[in-house]
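Have a look at these structures, which come just after this line.
Note that subunit A is present in both complexes that follow, paired respectively with subunit B and with subunit C.
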Partner chain A sequence: MRRDVRHTPYIWWLVIIVSVGISISYANTAPKNAGQPTEYEVKAAFLFNFAKFVEWPVSALVSTDSVLIIGVLAPEDVVDVFKEVIGQKVVKNRRILIRQYYWYRDIEFCHILFVGNNESKRLPRILNFIKNKPILTVGDQIEGFAEAGGIINFVLNDKLVNFEINPTAAKRLDIQISSKLLRLATIVDDDQEARE
Partner chain B sequence: MKILSGPSIKQKLTSIIIITSCIALFFACLAFIIFDRVTFQKRLEANIDTITQIAAENSNASLLFNNKLDAIRVLESLKAEKSIEIACIYDSSKTIFATLPVSIDTTIVPKAVELKPLREYKHGYMIVQKLVYDQDKSAVLGLVYVKASMAIMNSRLKQIIYISSLFLLISIFIVSAISLQLQNIITTPILHLASVARDVSLQKDYSVRARKFSGDELGFLTDRFNEMLIQIQEREYALQNAYDELKTKTDELETELNVRRVAEQQLKNSLSEKEVLLREIHHRVKNNLQVISSLIYLQTKNITDIDALRMFRDGQNRVKSMALIHEELYNSKDLSSIDFGAYIKNLSSHLFHSYREESKTIILKSDVDDISLNIDTAINCGMIINELVSNSLKHAFHNMTRGTIHIGLHATNTHKFLMTIGDDGSGFPRHINFRNTTSLGLQLVCNLIDQLNGTIELTNNQGTEFKIVFAES
Partner chain C sequence: MFKISLGWIYSKNADAMKQQNIHIFLWSLLTIILCESLSEMSLAQIDRQDLTLLPIDELMKIKVITVSRVPEQYAEAIAAIRVLPGETLKRAGTSCIPEALRLVQGVEVARFDANKWAISSRGFNHIFSNKQLVLMDGRSLYTPIWSGVFWDAQDTYLEDIDRIEVIRGSSGSMWGANAVNGIVNILTKDASETEGLVFNAGTGSELKLRIGFRYGDQITDNWYYRIYGKYQQWDNQVLSDGSNAHDTWGQGMGGIRLDGHPDPTTHISFQMLGYKSSGWHRMKIAFPNPPYIRTTDSNYKTSGLTVLGLLNKQTSDVSHYQLQIYYDYLTRRDPILIQGWYRAFDLDYQHQWGTCDWNELLWGMGYRYMSDHIVETFALAVIPERRVYPLYSAFIQDQMHLFSNRLRLIIGSKFEQNEFSGFEYQPNFRVMWDIKQHHHIWGAVARAVRTPSRADLDTRFPLEIVPGEEVTPAWTGKKIIVAATGSKKFKSEILHAYDLGYRYYSNENYFIDVAGFYYQYDQLRSYEFGAPRLETIMGQQYPMLPYMQYNDEYGTVYGIELGMDCELNDDWRFHGAYSQLKMDLKVHPPSTYPGSEGHEGETPERQYTFFTTWDISKRQDVSVIFRYVDAVPGLKIDSYFVTDLNYRVRINDHVELNLVAQNLGYPHHAEFREGPIPFISSEVKQSVFTNLIWRY
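What follows is the complex of A and B.
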């Protein structure tokens, strides 16, 4: 006991050092969690919320019945944020599954397809590939996304994440978007009907 | 209640109908007001509840996508319910997300709220809280807070009270108009009956009849009233007959009474005439006897024979005694009886004067009760006194210078009279029986006693005393 008492200051020093260390390590991640959410964290949450207000045709949910796949055509760091924010969540009794795609041939097996800004030039090809598939396409601030036949496109208004919806495209794919969601969005239309 | 004790049955009936109707209407209005208030309040509550619920349902997307503009739009839809003054949406961290009105002073709404459904009333306000759920009901996203003023209920209450009052006034007016008409059904027969009763009592005309209006109790009353009138009329008729009969009889009796009064007056007149006549007769008889007595006296002037003189004088005294009777009679009140005491005094003073002698002093002592005798008895008694006193004056006081003659007349207790005539002279001669003598005087006395059905006794003791007992004939 005496020896313990004699060594007590060292133990306290150790506790203080460890505590400071932990504090510093958390301080590095703190801005991410505690402060204002980052743009992609917000977009991740929006993606998750879109799933709540969208009804896919019955045929789209048969094959993979216990998961809801969010396909991502975007850089690695975006995928990581998505996985971190909504990777463990459940919607419509389905577990969210974030899948990063590298090949177009794989993209037809997802429910939601997030198309990153870097893919804007290949957009027509992507959309053409999944044409007539019941996939909710979400563009990341891609100019002319909805006009090209995409369904939802994120837009930044005064640093606030917002989105525009092309209900005609959704209707064409038999995807039902809740009026609540439509109310929040800027409604845009493509001229595909006219083209056809 | 003063109205109900008013003078007219019409007023009473109208008042009763109006008061009853007013009370019934008042309670109906009251019930309606209470019912309306309760249902209105329930409806208002349900309304606020429902639209708050709708707002909560609609605001989940706004909260999920952090869209305050949309949240404000949702809240603005609550403006449809005018009673809602303040509305607020809180997020899951219990802080204000959106308010209605948009630029509200945040001090008048709760800064933080419990995330739980609520409905409560505070100072005339209704506060409703509804939870905002996630689209799949898996989580609570926030809360909608609504504060609604219940003042609209008071304004509605005022409105309803105004309408009810107006309705009540119109109803009273209509009820008054209807009751004024309907009460005639009841009052007309009663008023008619009352006016007939008044006519009967004022004019005593029992021949009028009340008109029957219906077959109900009032009709029955009218019938009985008419029956009573008939009975009264019959009795009145009978009474009038009896009265007339009585009046006739009274008139007859009065006529008869007048006849009898006249007859009585005639009788009285006749009687007084007869009295005057009788008095006159007594006067004349007395005068005639006086004349006879005077004639006898005048004749004695020329007679020298002492016996003859004595006989004449006796005769004169006898006539005189009878004349005195008639004198007393016409002086008396009733002409049928005389005051016998006064008569005895007159008679004895006359006899004393007639038989007076210078040498003698004779005193008369009379002890006579106040007795009246009828004319026959009086004449007989007068004659007896005349004979016996004359006898005493002539024979009792020979050789005496003074003497006393006493006369007594008393009523006995057997409705008879005791007359005593006596003197204190020499006494009646013992050898003479006064009942059987030649003396005319004593013979007269005995005859007169017989006529009176009386008795006579002689006491010859220190003088002479005759006791005569008789009854009035």
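What follows is the complex of A and C.
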């Protein structure tokens, strides 16, 4: 019944393979939907704005007077996007410096720490490691970020990037967040005082 | 990837392209998809604006392109894992759980007849696949009476499946006995994620009727529930000559799930579900009087009830435990073959503890109380009819994160004490190394066991009736029953597993997974003729020649599996799966069991699946699945290449319509055939069905 058709399929495999091949090469080279910004391009712009609208305590600024360091605890491609979008910018007369950390123990002094979503499991340890340092922590859609003591957390609402702020945690570190940011954010509290 | 693709071209068994029309259609579809996406790419070259110049409230109004992430636990899992999210099942037009598993590389899914499936990864497939463990929400669906899973009984409302995790290869160190060749873990959604009403109704040429509903709501602040129910009725399949196989079946089920998060560190879950299924199958059964072997259609009924409770608690930043209890009850009745029930009570505790920065300990203990009662018939008996068999288990796994988390080691073992084979240990050692960011290499060495089932020890199943003189001169003139029988001395089947894998995942749009394995099996089930004896069957004495179980088969199975996910842009995704394996089985002398050659020939050596899905617009999408399964000479099954199509359109915010075509390519094709089991297989027809879904 099926005997007479042994020779036909090769062309099929060619079509499939060629289309896979083309698609792979395209996926490698072509920018994805160049018109519309990607999630991390927008998040980079947010980080830039956070730097603009946040005042660090004097102690945090003395040590490094001409740069503003954004530490990134996230995969390389995220770091690359950040470097591309805000790596050359100047904010408050400070040059932005993006620094990637591969492991939370590597974290050195920085003004902003971006904590990638892939680190969510290690969050308590990360926050514990930088405890009491005047670092503006920014979580990348990490559930329970503010509750654990983080300051700003990105949330994605129907492809719109929004953010939550935990003002209590900021106050504890003497970091002042401008009312403009607070107005735009969802306010969450970590309630740590209440728990203690 | 490419080299292997070339192998496909020279495929000697690709005799699947019968219906030219379908292929012309598919060809055009592919071309259209390709052109569309290329033109879209070239159009999109608009200059990028400097986002930092925008005020922050403007930023909040920009719709961004998001990418689906591989959740960390899968990217870092040191095993050959593939996860099918619920959305993938919907896109693929899946009508039942076994169909979903066809998308996974290295898993063979063969529909035996309308109501039975044979599913196993890495060879040894059978409708009673005894080396493949299946769980649903932490509950074992594997039956310890015959081993294997009754796929016609176990089901859930497909809309509420969160994901299906499939781990190929030995997983016994974590999941216990019988996870020798792999494990399928079906997870349903938390009730807090299923608020609202969903109702679906559909009909088609094979799936005659499919209706179902789910309603979920919030009870108080942190407590949610959902109730669901479904009914499905499947048409008869056909025999190889195209005639009716009389294996129609229907199934109804319903359940309730309650989830509470009284505080952020606690999760409590409660589930109850019941099902009833009834259908027909055709059997070849031995009888004590002429004509001795009869082929008969029989109506079976099966039903079951499950109650499950779960407590999950984070006790500190680094410590987390889980306690699970369930009760499972199922009955199966068939007028000729079987009447019986099985029940299990299971208690399981797990504790995860980060002892320090770089070390994580996971340990647990379990107890399962199982009992069954199978009424003796001439056609099948399990003696004693009633038996109770507890199972005690414990496991410990230590995971180390070394060199800034670039090297991960797992060392651990499961220990079990069971009624049939006594003490079993299943250690493993796993290592994963991040050679570069996103590039992982992993390897594993493990030992796993398949413990004896009730059937392996206690069964008696008459295969044929022969004249006495063929067996012994003493019984000349008498009729002798040749029966497959279990053996009290039957031991566990043992696997020594060596796994090696490479995984690439980027947060952008790629996921590539390559896994190779070299598996050494020993003490596999074999059969030998025993000494003729008199056997009491249903109170009467018959001369019987036992065909008894031994553990004399051994051998190696090795192979490679490739999986690829690729997101070309927001609208267009590919998913490829390829697997190849080779079995080399022998028997320890003096055994002369011929089955080893049989087993070798009972597994397709190559399979591939190519799945692409394309969002035509916000409201419409199309999926195409091509599937190829190699010929299975041992079962006299030709290779087949079939196509599944699914078109979904959201008519408005509440109503969605699915049009699904499955198994296109042949009027009907065989996927599995009977071995030494009573059932007679049938062939899968090409089919279409529609499904209409309302969501409120």
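One rule holds for everything that comes next: the second predicted complex is superposed on the first by the 158 of 196 C-alpha atoms of A that agree within 3 Å, B and C clash if a C-alpha of one lies under 4 Å from a C-alpha of the other, contacts with A are read in each partner's own complex, and residues count from 1 in each chain.
Throughout what follows, a residue touches a chain if its C-beta (ideal position, glycine included) is under 8 Å from a C-beta of that chain, and two chains touch if they have at least 3 such contacts.
The structure displayed is predicted, hence computed values, not measured ones.
In the overlay built on the shared chain, the residue A:75 is in contact with subunit C alone; subunit B does not reach it. In the superposition on chain A, A:36 makes contact with subunit C only, not with subunit B.
In the superposed pair of complexes, A:125 makes contact with subunit C only, with no contact to subunit B. Of the two partner chains placed by superposition, only subunit B is touched by A:92; subunit C is not. Of the two partner chains placed around the shared chain by superposition, subunit B and subunit C are both touched by A:49.
In the superposition on chain A, A:106 makes contact with subunit C only, while subunit B stays out of contact range. Counting the residues of subunit A touched by each of subunit B and subunit C gives the higher count for C. In the superposed pair of complexes, A:178 makes contact with subunit B only, with no contact to subunit C. Within the superposed three-chain model, A:67 lies out of touch with both subunit B and subunit C [touch as defined at top]. On subunit A, the surface patch touched by subunit B in one complex and by subunit C in the other comprises residues 42, 45-46, 49, 53, 180-181, 184.
By the touch rule above, subunit C contacts subunit A in their complex via residues 1-2, 5-6, 8-9, 11, 14-18, 20, 23, 27, 30, 34, 37-38, 41, 44-46, 48, 51-52, 54, 56-57, 59-67, 69, 72, 75, 264, 317-318, 354, 357, 404-406, 437-438, 506-510, 566-570, 572, 574, 576, 610, 626, 638, 641, 666. Subunit B makes touch with subunit A in their complex at residues 58, 60-62, 64-67, 70, 73, 134-136. Those residues of subunit A that touch subunit B in the complex are listed here as 42, 45-46, 49, 52-53, 91-92, 178, 180-181, 183-184.
Residues 2-3, 5-6, 8-10, 12-17, 19-24, 26-27, 30-39, 41-42, 44-46, 48-49, 53, 75-78, 85-86, 89, 102-103, 105-106, 117-118, 120-121, 124-125, 128, 144, 147, 156, 158-162, 180-181, 184 of subunit A are the ones that touch subunit C when the two sit in their complex.
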